[in-house]
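Naming follows writing order (A, B, C and D), and every chain is counted from residue 1.
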């Protein structure tokens, strides 16, 4: 796996942070890009009353959105300079109600290929409780 | 399949519309509940510059969010009076860039069980172009 | 969608049937390739006592296997001459116990791209009862 | 997570081994149940020429089948005495060609609920190369 995770773009962190800053939806959610390392990216989102489902928990779509961004940017850390990544598909299991003050999606690349990258993101709530988990495929171009 | 799709709650449309109105995240997205029929619900979202990814297309998370709500409410149309539904998991394939002025997630129940309901949602853009498709499992309680 | 579904290989049916014949696992399952049309392939498998789970129903893995092959070959009907396809990922919902004498996975291409093709397969049991549904992504090379 | 993973059936290993022995499909595949611990089960399958896809690699359906069984039995280790588990859905990403002499699906419970259990299985080839990964939902009854 070591070879997979060597960044081809020495400036990968800047590429990731600049792209994230262009995602207006992340701003709308109040989401923040935290850790950016080769093959690993964290995106956090605080609870907000504007992001809820019918019972006052964070909407599953919010968790999926930050996990999707985290997976995409984990892939981008390993992409070649100038490449962009687009989500092909993802799947998420919602294991506990999204109660809490703050949620963090921690994404990790499982397999970086020339064309496709597979990442996993676990979404944690307060006290590192595991709320959801995602498997994602992105394509580089 | 006929039996599956007979509503057990004669007031199912009101139950769905009231619950949707409580989803503050749908309001934040500007999403609107359109068709509500037994086993079938449509949720629409207009393009907005506040909901984009890095290239100015609608963020995959937005498509997933409206498709998830549509699937959940399609299941709720067939639930017993007083029941609520929660997403267990979903999977989405993003087939085309989400370009366009307006997107509609059309959800349909494939299998309504006592505990679990499986729905499919297709997300269409302008001109009924198929943008994405979701499979979703929800649990009633 | 019309453009997507025009076969680029006039001899697509032969390409599909020859490749299927090489899948020794399909022979082991007793699976048969039935319909082969542009963007649509059916694979059938009869019930067998050698293919069961603990309750005597067909194992979910058998349904997934024939649905995966059907999705892959639906994609291959639209590939260029000489191309091969490999499964990238798939997801299956198992909606009813796989009781019955015979099962058919009917796959249909939803989106044929240059690199990736997304297909859906519905698996039917006796009397066209919907047993399972799959979403699949394959890559051409 | 600790509470989740305490077995409710002191005889869980016997329950798992007896149920696995009834899965005729596992016998057909030549699959063997290896590790059985609370919340964790490994299922191995040797390469066989009878289980291949068109290029002579193990068919994706074989990997999915052993991963599905491993996930189901990981869930069963935590079920109450007398309970059975059935797969609701699963998703698998196929990350590398399934070349090699032997494959092991290592499943781990992520969340054990009263009704639903979510498990993850990683499938490794020779030299612990990560070939595929699955997320699975099973229902107890």
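The definition used in the following text is that contacts are C-beta pairs under 8 Å (C-beta built on N, C-alpha and C of every residue); 3 or more make two chains touch, one makes a residue touch a chain.
Nothing here was measured: the structure is a model prediction, and the numbers come from that model.
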Inset, instruction - With contacts defined as at the top, give the pair, B-D or A-B, that has more of them. - result: A-B
Legend entry - Interface sides of chain A and chain D: same vs different residues, half threshold: same
Legend entry - Cα-centroid distance, chain A relative to chain D, in whole angstrom: 27
Inset, instruction - Indicate the whole-number Å distance between the mean C-alpha point of chain B and the mean C-alpha point of chain D. - result: 31
Legend entry - Geometric centre distance via CA averages, chain B-chain A, whole Å: 22
Inset, instruction - Check each residue of chain D and list the ones that touch at least two other chains. - result: 88-89, 91, 93, 118, 135, 137
Legend entry - In the complex with chain D, residue positions of chain B that touch it: 88-89, 91, 115-116, 118, 135, 137, 139
Legend entry - chain C partner contacts - residues on chain B that touch it in the complex: 1, 91, 93, 95-96, 110-111, 113, 118, 120, 130, 133, 135, 137
Legend entry - Touching residues (chain side chain B, partner chain A) in the complex: 19-20, 22-28, 49-55, 59-62, 64-66, 68-69, 84, 86-94, 97
